[in-house]
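Some structures to go through are shown next.
One chain, chain A, appears in both complexes that follow, with chain B as partner in the first and chain C in the second.
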Partner chain A sequence: MKRSLRFYLQLAFTVVVCAFLVVPVVLSIMAGVTENFFVGIKSGLTFRWVVEVWTLYNKTIFLSIGIALATLAVTLLIGIPAAYVLARRQNRYTRWIEELIVLPVAVPGLATALALILLYGQFSGFRISWTFILVGHVLFTLPFMVRSVLAVMSAIDLKTLEDAAASLGASFTQRFFHVILPNCRQGILAGALMVVTLSMGEFNITWMLHTPLTMTLPVGLADSYASMRLEIGSAYTIVFFIMIIPLLVAMQWMSEPAKVKPRFLS
Partner chain B sequence: MDNNSGNPAKLNTVGIRLNACGKTFPDGTRALEPVQLEINPGETVVLLGPSGCGKTTMLRIIAGLEQPDAGGQVFFGEQDVTPLPIEQRHVGMVFQSYALFPNMSVAENIAYGLKVRGMAEVEKKQRVVEMLSMMHLESFAERRIDQLSGGQRQRVALARALAVRPRVLLLDEPLTALDAKLRESLRAEIDRLLRSLKITAVYVTHDQSEAMALGDRIAVMEKGRIAQIGSPREIYYRPATRFVADFIGSMNRVQGMVDGESLQLPSGLLRVGPRVSNEVLFRPEDVRIVSNGEAQLQAKIVSAFFLGDHTRLILDVGNEQTITAETVDRREFKPGDIVPIAVDSEAILFLE
Partner chain C sequence: MKPTHRESLRHIVLLLPALTIFSAFWLLPMARLVSVGASGEMGVSAYWAVITDPRYFSSLVSTIVLSATVTFATIIISGITGMFLQRNHFFGRRFLLATLTFPLAFPGVVVGFMVILLVGRQGVVGSVTEWLFGEKLVLAYSMAGLFLGYLYFSIPRVILTIMAAAEKLDGALEEAARSLGASPWQVVRDVMIPGLKPALISSGAICFATSMGAFGTAFTLATKINVLPITIYSEFTNYANFSLAAALSIVLGLITWLALALARSMAGSTVAAAA
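Let's look at the complex of A and B:
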């Protein structure tokens, strides 16, 4: 099939843009598995650097996973009830709260972190523990959880569903777990993936809040680029990719419009 | 709980009494004036009125979804249920939007009220099967809600509401979301259910034909008040107010000069009987087309609409007054023709 010149121009443009985005990533990954980056590929390929990163920085990886899961737990516990109240009580005040909740996303992370240090700095036990970083992460990710759950709650007629469950004799707790939660599953899942991904990758706030003993993965990455061989920093990037890409793919997959799965064909 | 026998027709149904139940919303709007209403056990009362007349608010107060203003009381039989929330009132409720749980199958929806009551598995299954067959839904048990049509959904909602054997059944415009044909067949089904179960039911609608077909009594509501309550016949033939007369069916209104027992109009003398007033009302179907000898008025046809089963005529009776007449006469009526008409004096109403 003969294609027009226009097609080839568009194709070329797309390829150039993709290359612009992808080449640095590929280069970085290559650097992580090259014996000596300055000599180049001909120096040979190795997993030595990845292993070294693991021995030097595995603590940061586990801490990041731990903080991400803790952040998820806290945002679920606060975010779902908050979204529920915002969805059920639509008035001037709840709309204000809805807007206020998004502020930590708009304010630079450094400013948020500085405010936290000013406020809690003197509680040294808290200041040096990982829970201090947890607070920063919760502030930053909570709006994403609330928004995601709220969007689903506003799309279904939650009030009437609840009235119906109540008319059948369900107490508030039963309504919450049998009707509200299951019908907001999509929003909760999407919000949860978002929160975990953001927490894993968060740098600004964490960099300000961390101590040498509470280094997370992205902070460790910055540290390795600053103080180690380039190959180690690059190998660290590979580790980061391996952890974050499945989350991103899952998120993309989640955000696709739900396909109607034909069950119970009769 | 009432676990009596396996017969779905056996319900511990109770009467409902509202005592001075008013409702004022926080913003000051008065949705319902303090109202008195007594519904007998097994009776179906339809709350009928235009939107914003307070009918849904009254239903929600009966259900326990709204609290009446201080002083209002709701009784189920002898029990004062005013302080009880809906989940403790043991009612069945059907909503305009169906309100089925999308996360559950048809069978799970029907079983939900039994599940929260902690009914044993075997008994629960049996009850669900019973309800499915009562609503002709046997083949849909495992379907998801989004695989059902509107009519099927509302039948599931009815089955779900009745599965717990409620003391009263509350229906909030259950047919409004359905198309005309489906509405009629489901209306017949609801009628069959209400008659066979003999359950006390409160049915909210703005559709007068639904109200006439289903109600043992109809409460016509206007601006937060019950304008009139009575059997469909009473409401139709003896409306208490102009609002009721106009809301149910259509009504002709004619003014003229009183002349003995008649009303004088440019087109003739309308006999109204011993009680006279310079304004009278009558229904379009009570206008008879008669022979010239019997004629009371000689009316001029303004327009004629042939509707198949009957013809609707707009007639000029003089003094720039038109009336509507409905006739099954097969004649072809033409605008401009003069027709002799009469109205029986029993069909004539006087309203202030």
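Let's look at the complex of A and C:
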């Protein structure tokens, strides 16, 4: 098939846009494994920057994974029951609640963080512990879990399923764990991936809430960009990529067959 | 059918954990933030400082101008790219699509670092211009760097939203317009843009709100750039001016919330920002 000139012009434009997004990623990967980025690849390839990042910052990696999993646990525990009620009871009040819980995403993280510090900063035990960051992450990710589960719950006929189970004598606990949850596992899984990915990358709230002893991965990244040589910042960024790629691949893989849109996109 | 008493009770119990955590850790702190904002030397008028004090006003204006420019540029770039990728199937399309999804998960700090690698002191653009013209082009630590950074995190989100909306557009309408003699530009203006309007409005609002509140990118590039999040941050940490920082962040929060709420009432779909 012969393509028109317009096709090639648009293709060229698209390639430039993609290059804008990809070139820096490739550069950071190269810089992270080059002896001296200023000299270039010819200075030799090395893993010493990655090793150095590991010795300097490995705590931030474990803390980020820990906080992401804790955030996931909390959002599952409080988010799924909330989504269930929002799906079953669609009235003025539940719409209000839906609106309210999205606010921590609509308002800049800086404002949420300042508010938390002004009210709870004086409780020093809480202020210096990792749970202070956990609170910020739960607020920020909860709407994504609730919306993801709610989307699936609204698509299936929840009430009929429940009534059928109830007419067969199933108690509410039985219905919840054996009928409702299995029917929403797509939404729960999508929400869970979203929550973990967002928590691992959260910076705006975390930067204000962290202490030198509770540095997460993105906070450590900011620290290394500001105070370390370019190669170390790059090697650290590689570590972040390695952690985030499996999550992204899983999200894409999930969204393709079922056509569940990732919830980044509203 | 009205829910039974027992059911209502159950629903309240199920909602309670989420509502308690949200009230204790967001509503109450926010109420405190609002009152701290009014507790400084200036009292409630601190909220007007963002307009009356030239320093904060210029910071507000530059943030709004920057965010609006980024939004406009993102919509045009993503519109062209998104429509192209949706309508044409060719070798390498999947690869190009994959490159668009990858930056979605980058925090603002990483985006800032990407800009440094691109147009910073040791950036690739600088080396190319040095080789070509004998002079290094360094943009990263200025408004231009911020602009590029905000484009970087906005483009992927908007492209994917536009592609999802374009998928639902009826291609036959464009065919009809063309067969009736419409020029390519007329097809874009009179058929495609109206069809994509809800997606354009909602993704534009998200883009604007995210840019207004973006902190990580500006923080990495330079703490001296005069945008509102950086101003709030330095008032809070460098000058310990808590009441003013609180007032400014409430104003900023109202602006982003308003942008999203307006877009939702115009586009009629749910709009949520993602940082």
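The criterion applied here is as follows: the second predicted complex is superposed on the first by the 254 of 266 C-alpha atoms of A that agree within 3 Å, B and C clash if a C-alpha of one lies under 4 Å from a C-alpha of the other, contacts with A are read in each partner's own complex, and residues count from 1 in each chain.
By our rule, contacts are C-beta pairs under 8 Å (C-beta built on N, C-alpha and C of every residue); 3 or more make two chains touch, one makes a residue touch a chain.
Not measured: the values here are computed from a predicted model.
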(Q) Which partner chains sit in contact with A:Pro81 here, chain B, chain C, both or neither? Use first/second/both/neither. (A) second
(Q) After superposing on the shared chain, does chain C or chain B touch more chain A residues? (A) C
Q) In the superposed arrangement, which partner chain does A:Ala12 touch: chain B (first), chain C (second), both, or neither? A) neither
Q: Please work out whether A:Leu45 is in contact with chain B alone, chain C alone, both, or neither, and reply first, second, both or neither.
A: neither
Q) What is the contact status of A:Val23 with respect to chain B (first) and chain C (second): first, second, both, or neither? A) second
Q: For A:Ala170, decide between first (touching chain B), second (touching chain C), both and neither.
A: first
Q.
Going by the contact rule set out at the top, does A:Arg89 touch chain B (first), chain C (second), both, or neither?
A. second
Q: Mind sorting out which residues of chain A both chain B and chain C touch, each in its own complex?
A: 263-264, 266
Q: Sort out for me which residues of chain C touch chain A in the complex.
A: 3, 10-11, 14-15, 17-19, 21-22, 25-30, 32-33, 36, 77, 80-81, 84-85, 88, 90, 96, 99-110, 112-118, 122, 124, 151-152, 155-157, 160-161, 164, 184, 202-203, 206, 209, 212-216, 219-220, 229, 232-233, 236, 242, 245-246, 249-250, 252-253, 256-257, 260, 269-275
(Q) List the residues on chain A that touch chain B in their complex, please. (A) 156-157, 160-161, 163-171, 174, 178-179, 182-183, 185, 260, 263-264, 266
Q: State the interface residues of chain A toward chain C in the complex, per the touch definition above.
A: 6-7, 10-11, 13-15, 17-18, 20-25, 27-28, 31, 37-38, 74, 77-79, 81-82, 84-85, 88-89, 97, 100-112, 114-116, 118-120, 135, 138-140, 142-143, 146-147, 172, 197-198, 200-204, 207-208, 218, 221-222, 225-226, 230, 233-234, 237, 240, 244, 247-248, 252, 261-266
Q | Footprint of chain A on chain B - complex, ascending | A | 63, 65, 85-88, 90-93, 95, 97, 99-103, 112-113, 116-117, 139, 142-144, 146-147, 157, 160-161, 164, 170
